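Take a look at the structures listed below.
In what comes next, chain A is part of two complexes: it sits with chain B in the first one and with chain C in the second one.
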Partner chain A sequence: MAANGSYPIDRIRGDFPILSEEVHGKPLVYLDNGASAQKPSAVIDQISKTYETGYANVHRGVHYMSQIATDAMEDARRKAQMFLNAADEKEIIFVRGATEGINLVASSWGRANLQEGDEIILSVLEHHSNIVPWQIVAEQTGAVIKVVPIDDAGIFLMDEYEKLLSEKTKMVAVTHVSNALGTIVPVEDVICLAREKDACILLDGCQAAPHLPVDVQALDVDFYVFSGHKLYGPSGIGVLYGKEALLDAMPPYEGGGEMIDRVTFEKTTYAELPFKFEAGTPHISGIIALGSAIDYLNGIGFDAIAEHEHGLLEYATERLTEMNSIEIVGTAPEKAAILSFNIQDVHPHDVGTILDHDGIAVRTGHHCAQPVMDRFDVAATVRASFGLYNTKSEVDALVEGIKRVQEMFA
Partner chain B sequence: MSTDLHDLYQEIILKHSREPKNSGTMDNADGEANGNNPLCGDRIVVYVKLDGDRIADAKFEARGCAISVASASMMTELLIGKTINEARAEGSRFIDLLTSKDPPEVADDDELAALLGVRQFPARIKCATLPWQTLAAAMDGSETEVTTE
Partner chain C sequence: MAGWKSGHIDRAWKPDYIDPMTELSKIDSTTQEIIDEFAFFDDWMQRYEYIIEMGKALEGLPDDRKDDAHKVPGCQSQVWFYARRENGRIQFDADSDAMIVRGLIALLLRVYSNRTPDEIISTPPEFFEALELGSHLSGSRANGLHAMVTRIHAYAKAFRDELSADTIEPETLA
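Here is the complex of A and B:
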C-alpha cells in the first residue's frame, strides 16, 4: 500500500469484476499479472460499447458508423502516443502484441539493414519472443547474435555489454524489465553506449509499460514494443513505437488492404505511416479499449501504482526470505513487482497445483525465458507477479499456501 | 486441505517421487528415448534393456514434477519383467485410464490406481503420461524425441 495510505485500493479492486470470483471455493488471489493482467470495467464496458454504439470498418466508409469507429481508433492512437510520449501519432503502429511488434522490426528493418557479419546484441534476460525473431533474420542475412550475460543476482552486465559493442553492432534488442526475474535493465545506459556505435535500439517494454512511466523521446530509443493485455487492456492488441524516419525507410511487413496508396498489377505504392504497417482490418474494438486501459492507468497515476507495487514486492520478498528452504531467483536491487522463487525439493508445477487449490494463481514453468532458467540451472520457477490491485493480505495468502506445500512434501 | 488434492498427492505418489525406483542412467541400453514437455521444460530419458522380447531392466532420468517422477518410478516397477507387447498394452491402458471420458473402473489391487487422481487435474495429465510415451519410444528404438505437444 502507498506509504501515505491514500492509495484507493478498495475502489480499485471494485473496478475489476473478476476479483470477486471464487476459485475452488476460495477468493481468487491473482498473482499472475506478468503473464496477463485482469481487466477493469472501463475496458470491459468499452468493448461492448463499441459494438453496441459505434462499430463499422475503419478508414473505408463514408458512412456515419465508419467515421465514429475511425475517430475512436485514432483517438486511442493519440492516447498511446501520449502514453509513450512519442513525437508523432504516426509513430504508433498497432500490432497484435509485443511478439508481432518484434517480428515486424526483425523482419522489415532487419532484412533491409542487416548483412553478413553484422551483429545483433541481445541479453540472457530476453523472452523467447525477443530471441527467435532475431535468430530467424540472422539465419536469412548472415548476421550474428551476441548475448549480454547477467550475474547471479540477475543484473544485466553493463561492462560485458560494452565489450560486445563494436562497429559491427547494428541492432541492440533488450528487455526493459525481465519477465522471469523482474530485473529492471538500466536502459538509459544501454542506449547511450549503443549510440556511440550508431547501433539501432529496440526495447521490449512488455513488463515495463504496466509498472513505470515510459518516455521514448527522453530515452531516445528507436523501437519500443508492449502488449495491451499486460496493461489491463484486451489481448490481441499491442503497440510498436518506431521513430518516423526509421519506419519511413522500412519496407512493409505484410501486404493487403489499408496499407496501400494505389494498387495496379504493375506497381503498388504504399500508404503513409502508420497505415503502411497496418495491413488488413485491425482489432478495432481492442484498440479502442486499449485506449480506455491507458485512461484508467492515468486516472490512478504511475507514481502511485509504482509505489504500491514496490511496497508489495518488498513485503513479499521480506516474507519469503524469512521462510525456510525458499530460494528467490533474481535479487537485483532494481526490480519491478515480479518475484521468482523455488521451494527446495518441490517442483514448481506441484507448487502451482497446490496453490491453485487455495485460489492462488501463480505462473510456474520457464516463463518463455529458457536462457534465464539455464543461467540459474533450474528447469522452472514459481513466479508471483503483482499488479495494481494486489494487496499485502494476498501476499500473506501466498505465504500460507507455500507453508501448506512444504507440509505436504515434508 | 480438501480431498481432491489428497487424491493427487497420495502418500504412495509422494513416496515414489521422494525415492524413485530405477532412477539413473544405464550403460549399454538396448533402447533409449528422450521425452520433453516444451510447455514447462520438463525432460525425461528412459532406458530399456531387453532379454529377447522381455524388458530385463528399465531406468529413467527425469527433471520433472512429483507426478511425472512418481509415474516413471511406478511404470518401471510394473513393467520390468514384462514382454514388450504386455508393456505396450499396459501403457495404452494407463493412458486410457487417465484420458477416457467416463470414470474408469480399476481393481483394488491395481498398482496404477494411485495415479487416477490426476484425472481431476487436466493440466497435469501430460506430466503422468510422458514417461509412458517415452518408454514406448525407447522400445521402438525411435530416434525422435517424444513431446507432449
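Here is the complex of A and C:
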C-alpha cells in the first residue's frame, strides 16, 4: 500500500495461497514474518516442478536428469550471487540456514584463526544463533567475547563499539537488523571501524535480506548469512556468503561426499569452492525454490517492498502509540518492519493466545534474544513483524485485537 | 456417597482412610463438572474470560517461593509448582506470570489437588479436550499445559514410591 497506491497489494496477496486460509473462523492475519515468511505459489510450484520434471542427484551424474537438476541448482547459486551482489558464484555456500552459516564460520574460520586472548565483538542485539557458536569457539580457543551495548531506544552504541575495538579484535559478528526490536544497525560504520583494526566481519542478515537490498561488495563485508525461509523461500535452506580468499584459506567444516577432490585412506584432498563447504547431497529442491523466491522478490522490487513495509511500520507504530498502556520496546529511528511491544499488566503469552483467536499470528516470548529482553528488563514481548503482503487493514485488526485483550484482562 | 449405602460406613469413620473407588468417582465428577461449566458458554471469549477469572482468583505463590528450583521447564511463560502430602493426599500449590496459564493451573488444581497419588496417575488430562479452548491449548506445548500435567503426574509417582515423604523436591523427579 504505497502512498501513491501503485503497490500491487491485491495481486501480491493472491500469490500467497495461505493468506486465504481462515484461523478459528477468522481470516488469517499473519504478522509473524520475522519468524518465518509465507511462500508464494512461484516457490511452492517450483518445489513440485523440480520433483515432477527435473530431479536427480547433482554434480555427479552424466545422465540427463542429473544435468537438469545440477543446472537448476547452479542457476539458483547465480541468483543468490546477484541478490547479494557477490563478486563470484563460488562465494555462495548453501547451508541449512543462517544458524548453520554462522556455525560454519565460527567453527572453520574460528578454530583456524583464533588464539587465546583474541577478541570477538558481538552486540546485545544478537539472536542466540550469533552468540552461542562464538561462545563455543571461544571456549575451544581461549578467545574472549566483548559485547557492544545498546541504548534505551535499542540503538547500537557506536562509541562503545569503537572503545571495544583493539588490535586484539579478530572478529566482529553483528546483526544487520535486530530480530527482537527491528533496529537497523549502521553496518557501514561498523565495518569501516573494524577494517582499521584488520578484524574480520560477519553480518547476520536474517532480518535484513527480506527488507533491504544488500550489496556485500559495497559493504566490503567478509561473511554474510541469511535464511531462505524468512525470504519467502523454503525452510531448510540458506546462504553463507564469504570472500573467496577467506573461504579458500578455511578448513572444511563437515566431511563427506561432494566436498572432496580425491580420497585415499592416507590423505584426502578437498574440492574447490563452493563445494568444499557443501558436504553431502544438498537440499536440491530447496535451493532451486530459493532461486524462485529471489526471482519473486526481484519482480516486485526492493524499493517498492521497503516503501510498503515502512508505511506499515509507521502506521502500526502510530496506532499503537495512540493507545493507552502500550509500551513499544525498541524505538530506534531506523527500523525494519518489526514492532515489539507490551501491554501493561498483561503477559505477552496471554496477548498472543487471545490474538490467535482473532486469527492474528504474532510472536510472543524472548525471540531467541534473551540479552535484549534483559536489557529492557522484560521477560518477553509481543512482536508483530510485517512482510510484503501485509496491509493497513491488518494493522487495524491487530489494534482491535489489542483492544479486546485490554478489555478481557481489565 | 455411594460408599456408605453399600456398607462402607465404618470405613468412613476412619479419618485417614480413602476409599479408592469413591475418590476415583469423585475426580471424574470434578472433570465432568468442569466440562458442564464450559458447555454453558456460547463462544471462546466467554470461555477465556472464565479462565481469566479463575486465574485472578487463584491464590498463587508468594514471590519468594517463585524460585528457579520449582520452575516447570517447557513452558513459554514462567510456571512454578510445589507439592506436599497431607493425610495421604497430595496438595499442589502453583503459580504463573501469565493469567491464562494461572487459570489453567486453577483448573488443574481443582482436578488434581487433594487427591491420592493413584487417583492422579490414573487421570489423564483428556477432559481439556472437551473444553473447546482451541486445539492449540490441549495439543501444543507452548502454553505449558503438557509440561504442567507431566509435572503433576511425576510428583504423584514420586509420592506413590516414597511412602513416607511429606514433600518431594522437584530435582528428584524423574
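Here is the rule we go by: the second predicted complex is superposed on the first by the 410 of 410 C-alpha atoms of A that agree within 3 Å, B and C clash if a C-alpha of one lies under 4 Å from a C-alpha of the other, contacts with A are read in each partner's own complex, and residues count from 1 in each chain.
Assume a residue touches a chain if its C-beta (ideal position, glycine included) is under 8 Å from a C-beta of that chain, and two chains touch if they have at least 3 such contacts.
As the structure is a computational prediction, the values presented were derived from the model and not from experiment.
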Chain C versus chain B on the shared chain A, clash or fit after superposition: clash
Partner chain in contact with A:His357 - chain B first, chain C second, else both or neither: both
Which of chain B and chain C A:Gln370 touches, first, second, both or neither: first
Broader residue contact with chain A after superposition on the shared chain, chain B or chain C: B
Which of chain B and chain C A:Ala379 touches, first, second, both or neither: both
Which superposed partner A:His347 touches (first chain B, second chain C, both, neither): both
Residues on chain A lying within both footprints (that of chain B and that of chain C): 24, 346-347, 349-350, 353-354, 357, 364-365, 379-380, 404, 408-409
Complex contact set, residues of chain A against chain C: 24, 346-347, 349-350, 353-354, 356-357, 364-365, 379-380, 404, 408-409
Residue ranges of chain B touching chain A (in the complex, touch as defined): 1-2, 4-5, 8-9, 14, 39-43, 63-67, 121, 123-124, 127
Footprint of chain A on chain C - complex, ascending: 44-45, 48-49, 52, 76-78, 97-101, 134, 136, 143
Chain B-facing residues of chain A, complex: 24-25, 346-350, 353-354, 357, 364-366, 370, 373, 379-380, 404, 408-409
